[in-house]
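Read from first to last, the chains carry the letters A, B, C and D; within each, the first residue is number 1.
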Amino acid sequence: MVEKPVMVKLKRIERENERHRTYYFEFDKASKAKPGQFLMVWLPEIDEKPISLSKISEKEIGITVQCKGKWSESICSIPEGKQIGVRGPYGNGYSTEGIKSAIIVAGGCGTAPIRPLVDKCIADGIETRLVMGAQNKSGLLFESEMKEKLGDNLYITTDDGSAGTKGFTTTVLGEQIAKEKPEMVFSCGPEIMLKAVLGMCEKAGVKCQLSLERYMRCGFGVCGQCAMNELLICKDGPIFSGEVLAKSSEFGNIARLKSGLEVSLKEYADWRQC
Amino acid sequence: MEIEFCGIKMKNPTVLASGILGVNAELLKRVAREGAGAVTMKSIGPKEKQGHSNPTVLEWEHGLINAVGLPSPGYKNMENEFKQLEDCESPVIVSIYGASIEEFEKVTEGIVGYEPSIIEINISCPNTKKEGQIFGCNAETAAEVVEAVNKIAGKIKVMPKLTPQANNIAEIARSCEKAGANAICAINTLGPGMLIDADARKPVLANKFGGVSGPAIKPIALRCVYQIYEAVSIPILGMGGITNGTDAIEMMMAGATAVGMGTATHYRGINAFKLVADEMQHWMKEHNVENIGELVGVVHD
Amino acid sequence: MEIEFCGIKMKNPTVLASGILGVNAELLKRVAREGAGAVTMKSIGPKEKQGHSNPTVLEWEHGLINAVGLPSPGYKNMENEFKQLEDCESPVIVSIYGASIEEFEKVTEGIVGYEPSIIEINISCPNTKKEGQIFGCNAETAAEVVEAVNKIAGKIKVMPKLTPQANNIAEIARSCEKAGANAICAINTLGPGMLIDADARKPVLANKFGGVSGPAIKPIALRCVYQIYEAVSIPILGMGGITNGTDAIEMMMAGATAVGMGTATHYRGINAFKLVADEMQHWMKEHNVENIGELVGVVHD
Amino acid sequence: MVEKPVMVKLKRIERENERHRTYYFEFDKASKAKPGQFLMVWLPEIDEKPISLSKISEKEIGITVQCKGKWSESICSIPEGKQIGVRGPYGNGYSTEGIKSAIIVAGGCGTAPIRPLVDKCIADGIETRLVMGAQNKSGLLFESEMKEKLGDNLYITTDDGSAGTKGFTTTVLGEQIAKEKPEMVFSCGPEIMLKAVLGMCEKAGVKCQLSLERYMRCGFGVCGQCAMNELLICKDGPIFSGEVLAKSSEFGNIARLKSGLEVSLKEYADWRQC
């Protein structure tokens, strides 16, 4: 259980769409991970990044990456059969215990950790609706797989209307809560979206679990880099309940750059952009 | 379990080490609430600094290794944190670093107004080129830094943090004491060391080298504290590899008045401080020790 | 798995480190039979020396700690051992120590006639006052010792053994190379360190301080070998914390041509050498490496 | 299983005779030790010495010490209730497997490890005779206990005839082998006696296991200090079969001082004297 990278061979690489790839490999330590947990993924001499598990099974583990920066462009150029370094799984993961009905809201590459969550909800017999959004059709992830698994319970939105309903996921979330209040809302996506999701849930009196993101170093709760107020995203999170987030002055507002400098979420997002 | 450490009252002898968790005021207050007798902020530098790229912090079989590289928002950007620290339930130690006497002076000037309980002078970081160890391996330069900081610090206590890489740590401590240090902190991480991944055929840390902490370094830390205790009469904040109550007691017996912990939070959680303080108390009961202070330096008798 | 180390042929890259088992010819031959590619005798001094009182060798959670204190019958009393070593199936490295250049010279004169494969110059023992580290922490004195020994050694190869306590091990290695060293051995035990028994309220080693070896020191050893490799072009015998095949491969990747093991014999038995050599071979097969030499220094690419 | 001393409290100290004391304490790690194994016994600031287990049980462990030098005089002055440091057990111990009859020969303070061996032999249903010798009556150890356990199978010798037969243990051993050949001879005592025992066993064609002694440092096979030819007394021994010893040029001849200097057994014994 030593937290240093293990090199694993990329068994299979799937092109999800223009900008997203899913990488499959064997990594026993993650075979019983919870949806929402993440790995630190090391590309030697490039960088190491926290990446959510987008596939959890005994047979194989998957991660889905948006190709856009130095690290992610690098991983996109690695061919099948080559190795990457992984350590983890880290974080707490979503909790589905005792829940009978849920709405899941996924935004952009936030859909990655939602995939194993959907599997888990179905396995647990939870009545599940999924609202999945992206800027445009080509940004959608796992569309056909989700359609297959959820049928009419899948609701798609795009900012430009190139697929599904034109507009934001939160609009559909509002409609769905109004139609039938779920016991829990699960969500992952841009923090600005999560903030809106929290607001709607609070108003409707529905519990929620939201997945957050901050720049990380250790990933296991030592360095403090990922702090949001007194919370460590890597260890206390990345999944937080709405109750906890409602008390956080930094949620939706403030994040830390690599130096530890506190900046507005907007400035952080410009630096970060995922 | 109350102690006094160079005039500062602490509810117990455990102290959060610098660079672990202490990036913001709220985490420091959380650690204080979880039992730490005092808390140390992550070392603050003269200007904004990114630190090294990832991987920066890794576990290996016998501890951690890190090359975070002293990231800092810079002392000018930390007003917000200092203000929020006013109601911290435990004394706050502010750790500072610089690449020159002038930088140390600048940072001291910038933070002294917030009146930390102690200013820790980090002259011992093994994973940066310009800051750190170069000051801590030489008795004269170490003393110069202490003297410069001390002048500006006024009545605020100053405590240089030493490196086990120094060839004569006792001499360096003595020279710091003469230069006005009110306490000595020892030790910073050991090394640097290196991890290699045979499959990747590469060093794992992006910086290649990093400071070693945790259980692996305890014997070195004990020896350093033992030697410093024989050399100075100011109190010692001993750290390096402490993870349980017995470790802490051993460190005090070697000569530490208070004990720091960093890596232990990985093995035992943020409440490591309460756990270790409880274990120390349990040990004291079993051994009929009334006052923890009795144990400081006893192995020297 | 055959290699050549500064002209010496070895059946595999594993070497028995000095001070472990190698007190007599028969044990050295046994270790050679159990798989070691080369064997090193316990360091030999200028005259009979008792070493420290017990406890001298202890295990702790992450390795060993020892303050044996360089006991030696003295080079004059070892003719019997040298004679019996003539039919040792692996090359024999003779380790020597002294408290002055003159003592190093005397010991070299005394043993050079037995034509060991390599003379290892121990300038790095951390648990004696007069011998050891004082020579190994300074580039000039290190070079002086090497030069003096080398003059007497003639065609016999000489290999100084360095300490991780040196503040610039690369510089010391470079300076030894210039002084005529044919290889570098790194590292000797780390520290010194100290164990304290809380119940006894005492240091456990009779000498209080002792050198730390085994798994705990591997990251430090890898860093030292890495830095030395960048500084010199003579081969390196890398050691410190190697206990299995992957450790050995990592050490070679850092820059070692051959790998020493001492503490591993505690964890894995006297046949640690065969076990580790087999594990290395297994690793090579799995990774399609034909010649172990390909791996030397690869992390530097 | 870390080989550093554990402080244990002396529960009970028994005065065996003028010069020998037995110390009892709890030390779980040794509760399943084999007869013939030893502990390294640490007196802080004094010294650390290898001492055989003279009592092995779940309840308590015992060691028996002859008071004569710096270390042993020190332990003799420690009162009940105080602590000593112990590590181990070390060494291989006597093997009683598959044996039906045995003669045990104990000389002087070599009787210490013989006590648990007698218990083991009895428990294993081995037909056991014990020949126990000392310089004089006051040097005998565990006499009444052995009498009780072995009855007529106990044979006592003293050099001066102050108890039992006057003469050496080896004389009685010879008689007993002649009377009825045992499957195994076990022995512990001065090396000169052991040498004689080996000679008699070889001549009679009886197997034997003998317990040896050398100056030790680590006690667990690392430092090489206790070497006898290529054997490590601490780890390969301290119990060796007659076959192995017959091949050793140093057995009965040569031992090492603290410096590692090889000297005659006589010179070593003068330095050592136990």
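Worth pointing out:
Everything that follows uses one rule, which is that a residue touches a chain if its C-beta (ideal position, glycine included) is under 8 Å from a C-beta of that chain, and two chains touch if they have at least 3 such contacts.
This is a predicted model, so every value here is computed, not measured.
In summary, no chain was found to touch both chain B and chain C.
Between chain A and chain D, the least number of touching-chain steps is 3.
Inter-chain centre distance (chain A to chain C, centres taken as mean C-alpha positions): 51 Å.
For the pair chain C and chain D, the distance between C-alpha centroids works out to 36 Å. The residues of chain C that reach two or more other chains are 60-61, 195, 197, 199, 202, listed in rising order.
Annotation for chain D: no residues touch 2 or more other chains. Judged by the touch criterion defined above, the protein chains link up one after another in an open path, with no loop closing it. Touching chain pairs in this entry, ordered by label, are A-B, B-C, C-D.
Per the touch definition, chain C reaches chain B in the complex via residues 60-63, 65, 137, 165, 167, 190-199, 201-203, 208-209, 212, 215-220, 222-223, 226, 246, 249-250, 253-254, 283, 287, 298-299, 301.
Contact residues of chain A toward chain B in the complex are 2-5, 7, 40, 42, 44-45, 47-49, 83, 85, 87, 216-225, 227, 229-230, 232, 256-262. Contact residues of chain C toward chain D in the complex are 19-24, 26-27, 29-30, 42, 48-51, 53-61, 64, 66, 68, 71-74, 77, 80, 195, 197, 199-200, 202, 204, 206, 262-263, 265-266, 270.
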